[in-house]
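We just call them A, B, C and D in the order they show up, numbering each chain from 1.
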(Lines give C-alpha, C1' and ligand atoms only; values in the text may rest on other atoms or scores of the structure.)
Protein backbone atom coordinates (compact mmCIF):
# COMPACT_ATOMS: atom_id res chain seq x y z
CA UNK A 1 0.00 0.00 0.00
CA UNK A 2 1.29 3.48 -0.98
CA UNK A 3 0.57 6.26 1.48
CA UNK A 4 1.05 9.92 0.58
CA UNK A 5 2.23 12.28 3.30
CA UNK A 6 2.04 16.05 3.59
CA UNK A 7 3.17 18.80 5.94
CA UNK A 8 4.61 17.56 9.20
CA UNK A 9 3.65 13.95 8.30
CA UNK A 10 6.17 14.14 5.46
CA UNK A 11 8.82 15.35 7.90
CA UNK A 12 8.03 12.50 10.33
CA UNK A 13 8.21 9.84 7.60
CA UNK A 14 11.15 11.61 5.91
CA UNK A 15 9.42 10.87 2.59
CA UNK A 16 6.28 12.00 0.79
CA UNK A 17 5.32 8.41 -0.07
CA UNK A 18 5.46 5.51 2.35
CA UNK A 19 5.22 1.93 1.08
CA UNK A 20 3.47 -0.16 3.73
CA UNK A 21 3.15 -3.95 3.60
CA UNK A 22 -0.34 -5.09 4.62
CA UNK A 23 -2.09 -8.46 4.69
CA UNK A 24 -5.03 -7.56 2.44
CA UNK A 25 -7.56 -4.86 3.48
CA UNK A 26 -7.00 -2.69 6.53
CA UNK A 27 -9.28 -0.25 8.34
CA UNK A 28 -8.47 3.44 8.85
CA UNK A 29 -8.18 2.76 12.59
CA UNK A 30 -5.77 -0.16 12.05
CA UNK A 31 -3.66 1.98 9.73
CA UNK A 32 -3.46 4.79 12.31
CA UNK A 33 -2.43 2.37 15.08
CA UNK A 34 0.22 0.81 12.85
CA UNK A 35 1.64 4.21 11.89
CA UNK A 36 1.71 5.45 15.49
CA UNK A 37 3.60 2.33 16.52
CA UNK A 38 6.11 2.65 13.67
CA UNK A 39 6.48 6.45 14.04
CA UNK A 40 5.69 7.54 17.62
CA UNK A 41 6.01 11.22 16.57
CA UNK A 42 2.48 10.89 15.10
CA UNK A 43 1.14 10.48 18.66
CA UNK A 44 2.22 14.05 19.46
CA UNK A 45 0.17 15.65 16.67
CA UNK A 46 -2.99 17.60 17.47
CA UNK A 47 -4.79 15.24 15.06
CA UNK A 48 -4.13 12.77 12.28
CA UNK A 49 -6.77 12.08 9.66
CA UNK A 50 -6.75 9.63 6.81
CA UNK A 51 -8.05 10.44 3.34
CA UNK A 52 -8.95 7.63 0.98
CA UNK A 53 -9.44 8.56 -2.67
CA UNK A 54 -9.49 12.28 -1.73
CA UNK A 55 -12.18 11.94 0.95
CA UNK A 56 -11.77 12.04 4.72
CA UNK A 57 -12.70 8.63 6.16
CA UNK A 58 -13.64 7.56 9.68
CA UNK A 59 -11.95 4.82 11.75
CA UNK A 60 -14.28 2.07 10.57
CA UNK A 61 -13.66 2.58 6.85
CA UNK A 62 -11.99 -0.37 5.06
CA UNK A 63 -9.12 0.62 2.79
CA UNK A 64 -8.89 -1.57 -0.31
CA UNK A 65 -5.89 -2.48 -2.47
CA UNK A 66 -5.38 0.27 -5.04
CA UNK A 67 -7.07 3.04 -2.99
CA UNK A 68 -5.22 6.37 -2.85
CA UNK A 69 -4.37 6.83 0.83
CA UNK A 70 -3.05 10.07 2.35
CA UNK A 71 -2.04 11.18 5.84
CA UNK A 72 -3.65 14.49 6.79
CA UNK A 73 -2.01 16.15 9.81
CA UNK A 74 -3.74 19.30 11.18
CA UNK A 75 -4.55 21.52 8.19
CA UNK A 76 -3.83 25.24 8.18
CA UNK A 77 -4.73 26.91 4.91
CA UNK A 78 -5.64 30.54 4.36
CA UNK B 1 -21.08 29.89 -10.49
CA UNK B 2 -18.07 28.62 -8.54
CA UNK B 3 -14.46 29.32 -9.39
CA UNK B 4 -11.88 27.21 -7.56
CA UNK B 5 -8.15 27.23 -8.03
CA UNK B 6 -4.84 26.37 -6.43
CA UNK B 7 -1.79 28.00 -7.96
CA UNK B 8 1.86 28.63 -7.17
CA UNK B 9 1.61 31.98 -8.95
CA UNK B 10 0.58 35.27 -7.22
CA UNK B 11 -3.17 35.62 -6.67
CA UNK B 12 -4.95 38.56 -8.28
CA UNK B 13 -7.97 40.19 -6.61
CA UNK B 14 -8.93 42.14 -9.76
CA UNK B 15 -9.07 38.89 -11.71
CA UNK B 16 -11.21 37.26 -8.97
CA UNK B 17 -13.59 40.25 -9.05
CA UNK B 18 -13.90 39.98 -12.83
CA UNK B 19 -15.09 36.37 -12.42
CA UNK B 20 -18.21 37.54 -10.56
CA UNK B 21 -19.18 40.44 -12.83
CA UNK B 22 -22.90 40.12 -13.37
CA UNK B 23 -25.65 42.73 -13.55
CA UNK B 24 -27.80 40.83 -11.06
CA UNK B 25 -25.13 41.36 -8.37
CA UNK B 26 -25.46 44.26 -5.93
CA UNK B 27 -22.92 43.36 -3.27
CA UNK B 28 -19.56 41.61 -3.30
CA UNK B 29 -17.85 40.57 -0.08
CA UNK B 30 -14.23 39.49 -0.24
CA UNK B 31 -11.59 38.15 2.09
CA UNK B 32 -7.92 38.51 1.26
CA UNK B 33 -5.42 36.76 3.49
CA UNK B 34 -1.95 38.28 3.67
CA UNK B 35 1.32 37.07 5.17
CA UNK B 36 1.91 39.09 8.32
CA UNK B 37 5.19 39.70 10.07
CA UNK B 38 4.36 38.21 13.44
CA UNK B 39 2.81 35.07 14.88
CA UNK B 40 2.46 34.34 18.59
CA UNK B 41 5.09 36.91 19.49
CA UNK B 42 7.67 35.78 16.94
CA UNK B 43 8.89 37.59 13.84
CA UNK B 44 7.84 35.79 10.66
CA UNK B 45 10.14 35.95 7.64
CA UNK B 46 8.13 33.92 5.15
CA UNK B 47 5.48 31.18 4.88
CA UNK B 48 5.50 28.00 2.82
CA UNK B 49 2.16 26.53 1.75
CA UNK B 50 1.84 22.92 0.66
CA UNK B 51 -1.38 21.39 -0.68
CA UNK B 52 -2.66 17.90 -1.34
CA UNK B 53 -3.85 19.46 -4.52
CA UNK B 54 -6.46 17.06 -5.90
CA UNK B 55 -8.18 16.67 -2.54
CA UNK B 56 -7.84 20.37 -1.68
CA UNK B 57 -9.60 21.30 -4.93
CA UNK B 58 -12.32 18.77 -4.12
CA UNK B 59 -12.81 20.18 -0.58
CA UNK B 60 -12.79 23.77 -1.87
CA UNK B 61 -15.43 22.74 -4.42
CA UNK B 62 -17.59 21.29 -1.62
CA UNK B 63 -17.34 24.56 0.31
CA UNK B 64 -18.36 26.52 -2.79
CA UNK B 65 -21.28 24.19 -3.57
CA UNK B 66 -22.52 24.35 0.02
CA UNK B 67 -22.24 28.17 0.08
CA UNK B 68 -24.14 28.48 -3.21
CA UNK B 69 -26.88 26.28 -1.79
CA UNK B 70 -27.07 27.66 1.75
CA UNK B 71 -26.72 31.41 1.12
CA UNK B 72 -28.48 33.54 -1.49
CA UNK B 73 -25.37 34.19 -3.54
CA UNK B 74 -24.81 34.11 -7.29
CA UNK B 75 -21.07 33.44 -7.47
CA UNK B 76 -18.19 32.36 -5.29
CA UNK B 77 -14.45 32.39 -5.94
CA UNK B 78 -11.95 30.48 -3.79
CA UNK B 79 -8.33 30.83 -4.89
CA UNK B 80 -5.42 29.50 -2.82
CA UNK B 81 -1.72 29.97 -3.37
CA UNK B 82 1.02 27.40 -2.73
CA UNK B 83 4.79 27.66 -2.46
CA UNK B 84 6.95 30.16 -0.62
CA UNK B 85 5.32 33.52 0.23
CA UNK B 86 6.98 36.71 1.47
CA UNK B 87 5.50 39.28 3.85
CA UNK B 88 2.45 40.99 2.35
CA UNK B 89 1.86 38.27 -0.25
CA UNK B 90 -1.59 36.70 -0.57
CA UNK B 91 -2.19 33.02 0.34
CA UNK B 92 -5.96 33.12 -0.17
CA UNK B 93 -8.74 35.13 -1.83
CA UNK B 94 -12.46 34.51 -1.31
CA UNK B 95 -15.08 36.46 -3.26
CA UNK B 96 -18.84 36.05 -2.75
CA UNK B 97 -21.27 37.97 -4.95
CA UNK B 98 -24.99 38.35 -4.27
CA UNK B 99 -27.96 40.58 -4.94
CA UNK B 100 -27.79 41.70 -1.30
CA UNK B 101 -24.87 42.23 1.05
CA UNK B 102 -25.87 40.02 4.00
CA UNK B 103 -25.63 36.65 2.19
CA UNK B 104 -22.43 37.84 0.47
CA UNK B 105 -20.79 38.46 3.87
CA UNK B 106 -22.15 35.21 5.33
CA UNK B 107 -20.91 33.11 2.41
CA UNK B 108 -17.50 34.77 2.44
CA UNK B 109 -17.01 34.17 6.17
CA UNK B 110 -18.34 30.63 5.94
CA UNK B 111 -15.93 29.85 3.11
CA UNK B 112 -12.78 31.10 4.82
CA UNK B 113 -13.74 29.57 8.19
CA UNK B 114 -14.44 26.17 6.62
CA UNK B 115 -11.40 26.30 4.35
CA UNK B 116 -9.19 26.63 7.42
CA UNK B 117 -10.88 23.59 8.99
CA UNK B 118 -11.20 21.11 6.15
CA UNK B 119 -9.00 21.88 3.13
CA UNK B 120 -5.77 19.84 3.10
CA UNK B 121 -3.30 22.70 2.91
CA UNK B 122 -0.41 23.13 5.33
CA UNK B 123 1.47 26.22 6.39
CA UNK B 124 5.07 26.30 7.57
CA UNK B 125 6.18 29.46 9.35
CA UNK B 126 9.80 30.54 9.04
CA UNK B 127 11.21 32.68 11.84
CA UNK B 128 14.67 34.17 12.15
CA UNK B 129 15.88 31.11 14.06
CA UNK B 130 13.76 28.19 12.94
CA UNK B 131 10.52 27.01 11.41
CA UNK B 132 7.45 24.97 12.29
CA UNK B 133 4.27 23.54 10.77
CA UNK B 134 1.43 25.71 12.09
CA UNK B 135 -1.19 23.98 14.30
CA UNK B 136 0.54 20.59 14.02
CA UNK B 137 0.90 20.14 17.77
CA UNK B 138 -1.69 20.81 20.49
CA UNK C 1 -5.42 54.66 9.68
CA UNK C 2 -8.66 55.79 8.10
CA UNK C 3 -9.08 56.74 4.46
CA UNK C 4 -12.34 58.50 3.58
CA UNK C 5 -13.36 59.88 0.24
CA UNK C 6 -16.30 60.94 -1.90
CA UNK C 7 -15.62 61.22 -5.61
CA UNK C 8 -17.51 61.52 -8.87
CA UNK C 9 -14.80 59.42 -10.55
CA UNK C 10 -14.86 55.59 -10.76
CA UNK C 11 -13.79 53.85 -7.54
CA UNK C 12 -10.78 51.52 -7.66
CA UNK C 13 -10.55 48.46 -5.40
CA UNK C 14 -6.83 47.94 -6.14
CA UNK C 15 -6.13 51.49 -4.99
CA UNK C 16 -8.19 50.94 -1.82
CA UNK C 17 -6.28 47.71 -1.11
CA UNK C 18 -2.95 49.52 -1.55
CA UNK C 19 -3.99 51.99 1.18
CA UNK C 20 -4.04 49.18 3.79
CA UNK C 21 -0.77 47.46 2.83
CA UNK C 22 1.02 46.80 6.08
CA UNK C 23 3.07 43.83 7.25
CA UNK C 24 1.12 43.62 10.51
CA UNK C 25 -2.06 42.83 8.55
CA UNK C 26 -3.11 39.20 8.07
CA UNK C 27 -6.70 39.57 6.88
CA UNK C 28 -8.51 42.11 4.73
CA UNK C 29 -12.30 42.09 4.43
CA UNK C 30 -13.89 44.21 1.74
CA UNK C 31 -17.35 45.12 0.57
CA UNK C 32 -17.92 46.38 -2.97
CA UNK C 33 -21.38 47.64 -3.87
CA UNK C 34 -22.37 47.40 -7.52
CA UNK C 35 -25.31 48.77 -9.48
CA UNK C 36 -27.63 45.87 -10.21
CA UNK C 37 -30.23 45.61 -12.93
CA UNK C 38 -33.29 45.09 -10.80
CA UNK C 39 -34.94 46.60 -7.74
CA UNK C 40 -38.24 45.43 -6.30
CA UNK C 41 -39.24 43.72 -9.52
CA UNK C 42 -38.38 46.63 -11.81
CA UNK C 43 -35.59 46.89 -14.37
CA UNK C 44 -33.00 49.47 -13.35
CA UNK C 45 -31.22 51.44 -16.09
CA UNK C 46 -28.92 53.60 -13.96
CA UNK C 47 -28.55 55.16 -10.51
CA UNK C 48 -27.76 58.74 -9.55
CA UNK C 49 -26.03 59.38 -6.23
CA UNK C 50 -26.10 62.78 -4.57
CA UNK C 51 -24.17 63.62 -1.40
CA UNK C 52 -24.22 66.43 1.14
CA UNK C 53 -20.51 66.17 0.76
CA UNK C 54 -19.06 67.96 3.79
CA UNK C 55 -21.44 66.25 6.20
CA UNK C 56 -21.16 62.88 4.43
CA UNK C 57 -17.36 62.98 4.83
CA UNK C 58 -17.82 63.87 8.50
CA UNK C 59 -20.25 60.96 9.08
CA UNK C 60 -18.01 58.54 7.16
CA UNK C 61 -15.12 59.70 9.34
CA UNK C 62 -17.17 58.98 12.48
CA UNK C 63 -17.90 55.45 11.23
CA UNK C 64 -14.21 54.86 10.56
CA UNK C 65 -13.15 56.24 13.96
CA UNK C 66 -15.72 54.11 15.74
CA UNK C 67 -14.68 50.98 13.81
CA UNK C 68 -10.99 51.58 14.60
CA UNK C 69 -11.88 51.92 18.27
CA UNK C 70 -14.44 49.11 18.59
CA UNK C 71 -12.83 46.38 16.48
CA UNK C 72 -9.21 45.20 16.47
CA UNK C 73 -8.43 46.57 13.03
CA UNK C 74 -5.42 48.50 11.77
CA UNK C 75 -6.91 50.33 8.78
CA UNK C 76 -10.24 51.17 7.24
CA UNK C 77 -11.11 52.63 3.85
CA UNK C 78 -14.55 54.06 3.01
CA UNK C 79 -14.88 55.40 -0.53
CA UNK C 80 -18.21 56.52 -2.00
CA UNK C 81 -19.00 57.56 -5.54
CA UNK C 82 -21.42 60.29 -6.63
CA UNK C 83 -23.02 61.16 -9.95
CA UNK C 84 -24.65 58.93 -12.53
CA UNK C 85 -23.70 55.22 -12.44
CA UNK C 86 -24.41 52.54 -15.04
CA UNK C 87 -25.07 48.85 -14.37
CA UNK C 88 -22.06 47.12 -12.83
CA UNK C 89 -20.43 50.36 -11.65
CA UNK C 90 -19.35 50.71 -8.04
CA UNK C 91 -21.06 53.18 -5.67
CA UNK C 92 -19.13 52.14 -2.56
CA UNK C 93 -16.00 50.32 -1.42
CA UNK C 94 -15.22 49.41 2.20
CA UNK C 95 -11.91 47.82 3.17
CA UNK C 96 -11.04 46.75 6.72
CA UNK C 97 -7.58 45.36 7.48
CA UNK C 98 -6.62 43.56 10.68
CA UNK C 99 -4.18 41.04 12.12
CA UNK C 100 -7.06 38.52 12.25
CA UNK C 101 -10.05 37.94 10.01
CA UNK C 102 -12.92 38.16 12.50
CA UNK C 103 -12.52 41.85 13.42
CA UNK C 104 -11.88 42.66 9.74
CA UNK C 105 -15.26 41.16 8.78
CA UNK C 106 -17.03 42.77 11.73
CA UNK C 107 -15.64 46.24 10.95
CA UNK C 108 -16.45 45.92 7.26
CA UNK C 109 -20.07 44.91 7.93
CA UNK C 110 -20.48 47.54 10.62
CA UNK C 111 -19.19 50.23 8.25
CA UNK C 112 -21.50 49.42 5.33
CA UNK C 113 -24.53 48.89 7.60
CA UNK C 114 -23.97 52.21 9.38
CA UNK C 115 -23.14 54.08 6.18
CA UNK C 116 -26.54 53.13 4.82
CA UNK C 117 -28.22 54.45 7.98
CA UNK C 118 -26.41 57.68 8.73
CA UNK C 119 -24.39 59.09 5.83
CA UNK C 120 -26.25 61.85 3.93
CA UNK C 121 -26.13 60.33 0.47
CA UNK C 122 -29.21 59.81 -1.69
CA UNK C 123 -29.86 57.34 -4.47
CA UNK C 124 -32.26 57.91 -7.37
CA UNK C 125 -33.23 54.81 -9.35
CA UNK C 126 -33.99 55.21 -13.04
CA UNK C 127 -36.30 52.64 -14.61
CA UNK C 128 -37.41 52.35 -18.20
CA UNK C 129 -40.49 54.43 -17.45
CA UNK C 130 -39.65 56.71 -14.57
CA UNK C 131 -37.44 57.34 -11.56
CA UNK C 132 -37.68 57.67 -7.80
CA UNK C 133 -35.59 58.52 -4.74
CA UNK C 134 -34.97 55.22 -2.95
CA UNK C 135 -36.42 54.86 0.59
CA UNK C 136 -37.92 58.37 0.55
CA UNK C 137 -41.45 57.18 1.27
CA UNK C 138 -42.59 54.57 3.81
CA UNK D 1 -32.04 81.63 7.16
CA UNK D 2 -30.61 79.61 4.29
CA UNK D 3 -31.57 75.94 4.18
CA UNK D 4 -29.83 73.44 1.92
CA UNK D 5 -31.90 70.64 0.45
CA UNK D 6 -30.87 67.28 -1.02
CA UNK D 7 -32.48 64.31 -2.72
CA UNK D 8 -36.26 64.35 -2.68
CA UNK D 9 -36.25 67.46 -0.43
CA UNK D 10 -34.69 69.38 -3.32
CA UNK D 11 -37.45 68.12 -5.63
CA UNK D 12 -40.14 69.16 -3.13
CA UNK D 13 -38.68 72.66 -2.68
CA UNK D 14 -37.78 72.87 -6.40
CA UNK D 15 -34.48 74.41 -5.29
CA UNK D 16 -31.36 73.27 -3.47
CA UNK D 17 -31.38 76.36 -1.24
CA UNK D 18 -34.45 77.76 0.48
CA UNK D 19 -34.39 81.23 2.00
CA UNK D 20 -36.67 81.21 5.06
CA UNK D 21 -37.64 84.33 7.01
CA UNK D 22 -37.55 83.73 10.77
CA UNK D 23 -37.99 85.96 13.82
CA UNK D 24 -34.62 85.25 15.45
CA UNK D 25 -33.70 81.73 16.65
CA UNK D 26 -35.89 78.74 15.87
CA UNK D 27 -35.80 75.17 17.14
CA UNK D 28 -35.38 72.12 14.91
CA UNK D 29 -38.96 71.12 15.77
CA UNK D 30 -40.33 74.55 14.88
CA UNK D 31 -38.46 74.48 11.59
CA UNK D 32 -39.88 71.04 10.71
CA UNK D 33 -43.44 72.16 11.51
CA UNK D 34 -43.01 75.30 9.43
CA UNK D 35 -41.66 73.35 6.46
CA UNK D 36 -44.40 70.73 6.64
CA UNK D 37 -47.02 73.51 6.62
CA UNK D 38 -45.42 75.29 3.68
CA UNK D 39 -44.69 72.07 1.75
CA UNK D 40 -47.13 69.31 2.74
CA UNK D 41 -45.17 66.80 0.58
CA UNK D 42 -42.67 66.61 3.45
CA UNK D 43 -45.35 64.94 5.59
CA UNK D 44 -45.33 61.95 3.24
CA UNK D 45 -41.63 61.18 3.66
CA UNK D 46 -40.48 58.19 5.72
CA UNK D 47 -38.45 60.65 7.79
CA UNK D 48 -37.08 64.17 7.72
CA UNK D 49 -34.01 65.07 9.74
CA UNK D 50 -32.32 68.41 10.20
CA UNK D 51 -28.56 68.85 10.19
CA UNK D 52 -27.05 71.98 11.71
CA UNK D 53 -23.40 72.68 10.91
CA UNK D 54 -23.02 69.14 9.49
CA UNK D 55 -24.43 67.36 12.56
CA UNK D 56 -27.82 65.73 12.99
CA UNK D 57 -29.80 67.64 15.63
CA UNK D 58 -32.82 66.65 17.70
CA UNK D 59 -36.13 68.57 17.92
CA UNK D 60 -35.08 70.65 20.93
CA UNK D 61 -31.93 72.07 19.34
CA UNK D 62 -31.96 75.86 18.83
CA UNK D 63 -30.78 76.98 15.39
CA UNK D 64 -28.86 80.25 15.49
CA UNK D 65 -28.41 82.92 12.83
CA UNK D 66 -25.52 81.95 10.60
CA UNK D 67 -25.77 78.19 11.26
CA UNK D 68 -25.56 75.93 8.20
CA UNK D 69 -28.92 74.18 8.07
CA UNK D 70 -29.73 71.21 5.81
CA UNK D 71 -32.80 69.06 5.20
CA UNK D 72 -31.96 65.34 5.32
CA UNK D 73 -34.68 63.14 3.81
CA UNK D 74 -34.20 59.33 4.20
CA UNK D 75 -30.60 58.55 3.24
CA UNK D 76 -29.70 55.68 0.95
CA UNK D 77 -25.99 55.46 0.25
CA UNK D 78 -24.01 52.40 -0.70
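To be clear about the criterion, contacts are C-beta pairs under 8 Å (C-beta built on N, C-alpha and C of every residue); 3 or more make two chains touch, one makes a residue touch a chain.
Predicted, not measured: the structure shown is a model, and the values here were computed from it.
Enquirer: For subunit A and subunit C, what's the span in angstrom between their mean Cα positions?
Expert: 48
Enquirer: When the C-alpha atoms of subunit A and subunit D are each averaged to a single point, how far apart are the two points in Å?
Expert: Spacing between the chain centres: roughly 71 Å.
Enquirer: Roughly how far is subunit A from subunit B, going centre to centre by Cα mean, in whole Å?
Expert: Centres of subunit A and subunit B (C-alpha means) sit 25 Å apart.
Enquirer: Find every residue in subunit B that makes contact with two or more other chains and list them.
Expert: 33, 112 - these are the residues of subunit B that touch more than one other chain.
Enquirer: Where in subunit D do residues touch two or more other chains at once?
Expert: none
Enquirer: If each chain is a node and each touching pair an edge, is that a line, ring, star, complete or other?
Expert: Graph shape here is a line: each chain touches the next, no loop.
Enquirer: Identify every two-chain combination in which the chains touch.
Expert: A-B, B-C, C-D
Enquirer: Would you mind writing out the residues of subunit B in touch with subunit C in their complex?
Expert: Listed in rising order, the residues are 13-14, 17, 21, 23-38, 87-88, 99, 101, 104-105, 108-109, 112.
Enquirer: Would you pull the subunit C residues touching subunit D in the complex into a rising list?
Expert: Touching subunit D: residues 33, 49-52, 54-56, 58, 80, 91-92, 112, 115-124, 133-138 of subunit C.
Enquirer: Would you pull the subunit A residues touching subunit B in the complex into a rising list?
Expert: Touching subunit B from subunit A are residues 4, 6-8, 11, 44-46, 51, 54-56, 70, 72-78.
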